[in-house]
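Dropping a structure here in structure tokens format, bear with me for questions.
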Amino acid sequence: MTHRIAILGASGYTGAELVRLIATHPGMEIVALSAERKAGMTMAEVFPHLRHLDLPRLVKISQIDMGQVDLCFCALPHATSQEVIRDLPRDLKIVDLSADFRLRDPGEYERWYGKPHAAPELQAEAVYGLTEFYREEIRAARLVAGTGCNAATGQYALRPLISAGVIDLDEIVIDLKTGVSGAGRSLRENLLHAELSEGFHPYAAGGTHRHLAEFDQEFSALAGREVRVQFTPHLMPANRGILATVYLRGEAGEVHEVLKSAYGAEPFIEVLPFGALPSTRHVRGSNFVHVGVVGDRIPGRCLVVVALDNLTKGSSGQALQNANLMLGEEETAGLMLAPVFP
Amino acid sequence: MTHRIAILGASGYTGAELVRLIATHPGMEIVALSAERKAGMTMAEVFPHLRHLDLPRLVKISQIDMGQVDLCFCALPHATSQEVIRDLPRDLKIVDLSADFRLRDPGEYERWYGKPHAAPELQAEAVYGLTEFYREEIRAARLVAGTGCNAATGQYALRPLISAGVIDLDEIVIDLKTGVSGAGRSLRENLLHAELSEGFHPYAAGGTHRHLAEFDQEFSALAGREVRVQFTPHLMPANRGILATVYLRGEAGEVHEVLKSAYGAEPFIEVLPFGALPSTRHVRGSNFVHVGVVGDRIPGRCLVVVALDNLTKGSSGQALQNANLMLGEEETAGLMLAPVFP
Amino acid sequence: MTHRIAILGASGYTGAELVRLIATHPGMEIVALSAERKAGMTMAEVFPHLRHLDLPRLVKISQIDMGQVDLCFCALPHATSQEVIRDLPRDLKIVDLSADFRLRDPGEYERWYGKPHAAPELQAEAVYGLTEFYREEIRAARLVAGTGCNAATGQYALRPLISAGVIDLDEIVIDLKTGVSGAGRSLRENLLHAELSEGFHPYAAGGTHRHLAEFDQEFSALAGREVRVQFTPHLMPANRGILATVYLRGEAGEVHEVLKSAYGAEPFIEVLPFGALPSTRHVRGSNFVHVGVVGDRIPGRCLVVVALDNLTKGSSGQALQNANLMLGEEETAGLMLAPVFP
Amino acid sequence: MTHRIAILGASGYTGAELVRLIATHPGMEIVALSAERKAGMTMAEVFPHLRHLDLPRLVKISQIDMGQVDLCFCALPHATSQEVIRDLPRDLKIVDLSADFRLRDPGEYERWYGKPHAAPELQAEAVYGLTEFYREEIRAARLVAGTGCNAATGQYALRPLISAGVIDLDEIVIDLKTGVSGAGRSLRENLLHAELSEGFHPYAAGGTHRHLAEFDQEFSALAGREVRVQFTPHLMPANRGILATVYLRGEAGEVHEVLKSAYGAEPFIEVLPFGALPSTRHVRGSNFVHVGVVGDRIPGRCLVVVALDNLTKGSSGQALQNANLMLGEEETAGLMLAPVFP
């Protein structure tokens, strides 16, 4: 049986990435693509790399007959998403890629995003979409909230270690480097090629990046106490990829063992041999996550380094993996593409 | 039935690209991978982006039992390839990715490559691997010679036009731009990141590039007379992609019609609407070819612009497409991956 | 004596490049910087790389006392420039970097730019700013029109050859590759890093690029007959640099001799040894031009390849060179910075 | 008076950078350039971007008459440098850019570099070349040891803070990102464009990078006790630039004040306004250092971020600044070039 898929916000990078992945999925058919401002255009005009595919023309959301849709991906901007989803049929399966349903506490949402949530009742219903840690809840969910791409990366380093109690919860530093596609296709001066290539800089430093809200929520829940990490994102001159260098207090060997054990059966997470370190270019364009562990010369300290592709495992790949679970498909369907290197 | 595949020279970029593509091929299994100097290593050590795959360890060619192999890809350096293939079983199906069997005339081979061919009898047997134009010969072939990546790009622009007699054969300029992966993983100063990024330059200009031998052979055979094109390759600061800007004398509308008609049924070649121009980034990582046509303000002159990925359609993707034909597989099997953008 | 300099439009790349160059100029002092929308800001806020310099704060043009200015650089957008310059004092020395005063014929201006010129009387007064060919006129000029960066590059290849009568005027192809900074700091989707890096494409092909108007005007005037070249610009994934590959009919040796002779005394133009080819990375950040000549295997055909930095010799460096002449300064003052490589 | 300069090892990037900087230096003349394997070639052949300069031909070191040289820059590989310098005249002023004379303790040298020093008596004589902190010693020195580029970056963040006693010496993490030119022009697979662009990875993690020896030596001497930092270098896909993100325990406001006060009179070090963060692209090609400070949401923790150009302030610019002091030249001569952006 082929599931009928709609993608709302198909003119952005995460929308296009969903189309790319679903193109080789054996059990899904794209029946609707929306883009409010580009309604009427073909995907070939908006994304010429998808020219070879037979896709429906872009329409406005209001033009889609949701009764003919089995699952809807929402790749809309933050804040817009909650208003759109609020008005969708209440029995429609939805995977949201925005930040709108990641936080369970309406107060926390308002604090980090600066205004009240438009659909607080759905916040409670939404399941947090970090597949490996919410698999059963996602399988049963109607509404899944995709995680922040940076938030996913940090959590792959830390969740098993917090659960196992092998690190000091008060001494966690996440120094993270992200590619530019994470910022989307928006017209901002600092995203221009001339501004961004050939250089490197931090941004939203000092505890101000909104993905901290996810770290706070998830790590505190796991630990059963408040956990506050330090987190500094940097923008790197590459289109895809996130690399998190996580500084920890804990025994490196034990940390490596815990991660190997936690991820041993996971289809997409590769824990490297002890001492080996990952690179974003080795997961590029794929749903895989590479995790490395190395000890420091200072006893009792170690590093965990995690690399993934922000558009795939950090966003659209994760969304498809969750949709597979929600629809009873093979979890890995459409997602076993090898990374593209060089 | 699953075909058993060997890849000789698996530690180079075209070898790795073959592994990437075959990874999702439903009818092929990789049973042997060779790399003389890296024999004993795992592919994960040589190419960490393939870490998730269950692959045989690298061995020397002499260690492979060719009796257990249905088809062998040779991704070895030029000159080495002819010596290795000369000694392989004469009933083994082979797709060679080197330059060694592209030229049918031993004299031409010696003239362009500077020494006599080691297996001239196989030169005669080999079929030129430009799939769309040698499809039936390839289906029946035992030994197929992969084309030069630049040579393929220029031919996609020109072959139908030469056949149709709609252009002036004495006035053809191919200004070509290629990504750096075409030069392979070799240690040369001019391939270093610091030497190559942030800049652009021509090389092998003025009629000295070896892929001209393929243009001469193929275009002259098609035209039934000697054809000599001008060809200037340039190295661009990107890893993948070739773009050829071809200057022609002919009516632009007619040129567009001939190309549309020639490629209308081809699964991998997309002729863009008249006036639209391709970009290498829209075929990146895929087996697709984009072809654009535009007229010039000077009457009777026009441009054909062709973009493809040198490692995929220009090399390993072409090789797999040919292997599919030789093995009776679906021609597109393993090759329908959408381009990776951004 | 120190000349007092104003730069109008200092928040764009050519404005910033002027500041960078003038920073080490012994005979100039920047007394005013304008930027309408960013008036009130410091240059350190707009261009942090100029933070170490003691510069006036950005103001609106109307706030500048032009009586205190010896020479004014106009780095404003096309169309805006003509309106601003029309209203400046008629005895103020001006170097304009826009397209507004490049064409002498109001009809041609209207044809290529789509509307009548706002200051046609100044069109007649303006001197075309290609320094090496208009040196004496520039020395005496009040208003100098900076050339198009692509137009400059093509002219460095062709002017001496047209003057010497050694090439076929009806068979000229300019295949040009330009870096992204030539498009300025404007917010356009196709200038985003994610859209532009890792790829290559042509644009404004087939005789539609506005710099053709400069080629037409200048080459026809030189030849004493109408000359129409073919010209295809491409956008390359690098910030700075233009490389023009020019296909010609003429004897390569003679072409090389003519260029060597024409440029032998020029401080910024380097004609490479016969057969050597330039690269944009070897002129990056400098006012130098590298020119190479190579013959083709087809007798009577050859290539001239020219590389320069679009922001320096193609724009702000050229402007400063012209200002030096207009003010009686050493022509090379502030411009002998070596290229930055790697 | 013009000082006569020799550069040993002129065929590498730091040698070329010295030539670039000295090109506009009013008080220096390059009288000899060495490159053992490229002896006999011109600099234009080895570095075409220096083509416009009138430079001596490359020779072997043994061919240079050191009696005609006032100061010698040694841009030779590590280990080679100590053997060459040992045999130079003992009254020749020398600025060494290698690692050979950075460590004062022969035992530490052997521990980090794996073999005994060839000229331990010169180790004691050499002055550590971090100009701002050894200015008077350098002025009087005969032999100055250029610092590691990463080591310089980290020290600009930390030295004033250690001296002022405002941070916790046991809780220092330096997460550092460096451009590829720091690795020199050596032929290594991981420096190829295809291996390095479009990705990001750490290396020498966990306390193994040799620049740690400099941190240990300098910070411990400053503090009067053993100081051991955590240090993780990463390779970024850019040619130039180092950015260090330094995690500290201390009051952010106090940290900012101490740095502002320490660097207030320095010509090349810019402390940004509190909360502003630097970018490598804003110091590119220059001798400037940008320093930013921001507090963390966790009280008592803060970040210092430092950006500089590894080839300029991190290496050849630092060397020239030191040479200026040793020769009685203006300290900033030849070094006031503004950064090149974009």
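Which chain is which? They are A, B, C and D, in the order written, and residues in each are numbered from 1.
Following the convention adopted for this analysis, a contact is a pair of C-beta atoms (placed from the backbone, for glycine too) under 8 Å apart; a residue touches a chain by one contact, two chains touch by 3 or more.
Since the structure is predicted, the reported quantities are computational estimates derived from the model, not experimental observations.
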**A-B against B-C, pair bridged by the larger set of C-beta contacts** = B-C
**Fill in**
Relative to chain A, largest Cα-centroid distance belongs to chain C
**Item:** Inter-centroid spacing, chain C versus chain B (mean Cα positions, whole Å)
**Value:** 39
**For chain B paired with chain D, centre-to-centre distance based on mean C-alpha positions, whole Å** = 45
**Asked** Taking each chain's centre as the mean position of its Cα atoms, how many Å separate chain A from chain B?
**Response** 36
**Residues of chain A whose C-beta touches two or more other chains** = 13, 181, 194-195, 197-198, 237-240, 278-279, 281-282, 284, 342
**Item:** In the complex with chain C, residue positions of chain A that touch it
**Value:** 13, 180-181, 185, 187-189, 191-198, 237-239
**chain A - residues contacting chain B, complex** = 13, 16, 19-20, 23-24, 47-53, 181, 197-198, 239-240, 268, 270, 272, 278-279, 281-286, 288, 290, 336-342
**Request:** Can you check the complex and tell me which residues of chain C touch chain B?
**Result:** 173, 175, 177, 194-195, 197-203, 205-208, 212, 228, 230, 232, 234, 236-241, 243, 245, 247, 275, 277-282, 284, 294-298, 301-303, 305, 307, 342
